[in-house]
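In the two assemblies presented below, subunit A is common to both, partnered first by subunit B and then by subunit C.
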Partner chain A sequence: MTVDLDQYAKPGKGYYLALGLEGSANKLGVGIIKHHLGQLSSTNRAEVLSNVRDTYITPPGEGFLPRDTARHHRNWVVRIIKKALVEGNVRGTDLDCICFTQGPGMGAPLQSVVIAARTLSQLWNLPLVGVNHCIGHIEMGREITGAHNPVVLYVSGGNTQVIAYSDQRYRIFGETLDIAIGNCLDRFARTLMIPNEPAPGYNIEQMAKKGKHLVSLPYTVKGMDLSMSGILANIDQIAKDLFGKAKQVKNKQLIDEETGEPITSEDLCFSLQEVLFSMLVEITERALAHVNSNQVLIVGGVGSNERLQEMMKLMIQDRKNGQIYATDERFCIDNGIMIAHAGLLSYRTGQTNDLWNTVCTQRFRTDEVFIKWRDD
Partner chain B sequence: MSSVPTATYGAPDVSEPIVFEPGQQIHTTNGRTTQISDIVLKAGGEDRDKPTEAKDTALGQLRAQLTTVQDKVNEFLTERMKKEKEDKTDVERRILDDGVDEDDSD
Partner chain C sequence: MATSLPYTLNLSIPFESARQAEIACKTLSPDPILKVNELNVKYSHDSNTLTCAFSGVSDRVIRVAVSNVIDNIKTIIECMDEFDGKEDELFQ
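And then the complex of A and B:
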């Protein structure tokens, strides 16, 4: 039996349209998605009508503060919504619902974007649908790649989780015990004063391609979980010793034992990626064995890293019928379309939020959401 | 007729509700209290996220007036929080140190 997704269809209308608003971190995204009546399948795919994003960029060495990130979202949200409507060739009144990220994420940016969602809902008299950000990533990843029931590795600036579906919940098999992987990479980018444009992680990835020597770093897998703050502290100290600008400190030189060549900042980026990604591959492989699966879907901003995809592929190739699924930056990096898609699935099963119930929350775990649109 | 936005503040220790009105000055969307943080500018960043200017329409004027009201509310609340913190520190010092500042005692 499959879930009836058309109980709430408008009479005489053959499709649904949803607008999604995302602003849980430094990206502001607005997307419009179209579902035709019936089950989503390889012959009835969701259609992306528009997917517009604007990123708040800070100077090198600086992270994004909640106050300024929220200000970016507030001051751009109307312009970005207008652009998404024009690109999608959709009028507000054509929509079925307004979807917004309800959490998890940074409080001030979330608060700013939900105000836009509430305003649109009242302006066009449309229901609101609160979406869990992680569920947005998972559902969009499944839709784009066609992966049916994969183990999901969700890696981004704020989240690191290994997830598998069971009994109408996305269950967390393993996760970070402290900082997220993207946070670890971004903070190291700040230490090296690498630019934040287009993204600090992207710039680390490019530098890592030029790295040749592996520097020894702690490897901290704890059962199904991992810890990254110690690795960051360790590599930060190495970087400060090698390239620090403090006048009283004479910079040390670190030599690669095999070749005798000096260690460069590129080598550090390479080493950090290799160690962190190996840890991710290890816990993902263990989750695959637990649930007896052979599909991996990588979602989240760090999922666009090609080295991570390559390492995951090496692992999955050794498994029988192993398959890896990943998306490009349009869908990996935070975006509005994934919120529209997951929100529309909720809407099609009758789950909407009354105005009083649209308060955002910084803590909202993936397994708190009841996945009413799946019953496999 | 264009409507003028106002904000009303009430609290248990405030006897009369306080009303904030835009007033007669020139209003813009470039608010005093909604600028980018100094820390970003000092680090060499530029402000690429300024709000658009208000259009000369009823809605445009409303946006500009609202920004002025928001400035007034923000400044009032900041002042109130500052005072509350000072009062609390005074009370704590009186109770805990009996009014004697240890740093000055010897």
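And then the complex of A and C:
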């Protein structure tokens, strides 16, 4: 790595501070990160000064809608920014830049947060840096785990991608052709009326731990890509047959063939996880073979699922010097600190957005971003 | 641009200072209007007043737009109340 990251340092200041605002889905996050001058390395790590998050939780059986989520973010954004400044013990004059999620994500929530970012940037005379949400996840994952050049599996409520770095771009090797894996899990949680607190995926994971019987579901890997909507439709139908409210027809009993025991909702959660995660492991392994790598980094909300981490580990252990990197929920699930971190890397290479260039966009692909801060 | 937008509404919002009105105007201006043949919004500022001029094909379109702009202005004003002139302050 030979990119000079200190051309834009303030004279006489030995460090950088960035404020990051994230609100592309139902989490509102604000974080403050500190970089010291020089290349980031194992001896010069980025420091997390604060990482505050507030999640918009909907009742069981309901998803979060853009308008309501935007209202939640508007209600909280100023208070959360203030909380982050208090926790980080940081003054406005200490900051170098304000970073915000420019996309991809839901339009209304993104827009409600960028309004606060624009206002604060003008009030305190700080430059704005627009950040691609996916790049935020990748860079934060690399920084926290120390993974140097991993194949990245990015799995969340809105995204499912297998990514590898080449020539200053994060390139997408494989991705979902329809819905994201987190969306698939969340929607099944709604079918079963599982609570959305703290997260629907987390509750499915806990139920799956009690599941024993594997129910047969479609397995839909399409080359390097995945399709998940058919699996969801299939398991939704099974769940409706078993536990549906339509009592005019007696609910079907589904029996496990080997033990003769009835199938429970825990078994369904278990089966859904096993099938979805096997598909992810398959395409990740193929990407590893393609790029001749032996490191996997799992990022995104679904990445905090321990069963996924375990399955990935089993695969990686069979490869020579294989290593798996994952983070916990503080950095996996959407947060402001990753936006601050990726934005600060951008800022240190001279990339900032003027006001007219801060419009958020719902579609913003990972490989559109020029990774100026790496040149390996 | 031959389409006519017969319904109009002007909002005038006073701020504490001309600078605040200008910041609000600049914060609102970048976001594009999605359906330009149905709605047009023009933001301007004069001393400490922010003016939002709406014109649209129906009063319904205007009502939705006004409600959205007011929501945004609420965030802007809350931001100003909490942070304007306080960049040197350590919040407690």
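Just so it is clear, the second predicted complex is superposed on the first by the 374 of 376 C-alpha atoms of A that agree within 3 Å, B and C clash if a C-alpha of one lies under 4 Å from a C-alpha of the other, contacts with A are read in each partner's own complex, and residues count from 1 in each chain.
The rule we apply is simple: contacts are C-beta pairs under 8 Å (C-beta built on N, C-alpha and C of every residue); 3 or more make two chains touch, one makes a residue touch a chain.
If you're wondering where the values come from, they're calculated on a predicted model, not measured in any experiment.
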**Request:** With everything superposed onto subunit A, say whether subunit B and subunit C fit together or clash.
**Result:** clash
**Asked** Does subunit B (first) or subunit C (second) touch A:K82, or do both, or does neither?
**Response** second
**Prompt:** subunit A residues in contact: does subunit B have more, or subunit C?
**Reply:** C
**Message:** Taking the superposition on A as described, I'd like to know which of subunit B and subunit C A:A189 touches: first, second, both or neither.
**Reply:** neither
**Prompt:** Is A:P59 touching the first partner subunit B, the second partner subunit C, both, or neither of them?
**Reply:** first
**Message:** Is A:R91 touching anything from subunit B or subunit C once the two structures are fitted on A? First, second, both or neither.
**Reply:** second
**Request:** Tell me which partner A:H72 touches in the superposition: subunit B (first), subunit C (second), both or neither.
**Result:** first
**Request:** Would you sort A:A116 into first (subunit B), second (subunit C), both or neither based on which partner it touches?
**Result:** second
**First (subunit B), second (subunit C), both or neither touched by A:W124** = second
**Item:** subunit B and subunit C contact sites that coincide on subunit A, given as residue numbers
**Value:** 71, 74
**Request:** Mind listing the subunit A positions that touch subunit B in their complex?
**Result:** 56-62, 65, 67-68, 71-72, 74-76, 79
**Prompt:** Touching subunit A in the complex: which residues of subunit C?
**Reply:** 23-24, 26-32, 71-72, 74-76, 78-80, 82-84, 86-92
**Item:** Residue ranges of subunit A touching subunit C (in the complex, touch as defined)
**Value:** 71, 74, 77-78, 81-82, 85-86, 89-93, 111-112, 115-116, 118-120, 122-125, 355-359
**Prompt:** Can you list the residues on subunit B that touch subunit A in the complex?
**Reply:** 34, 36-37, 39-40, 43-45, 48-52
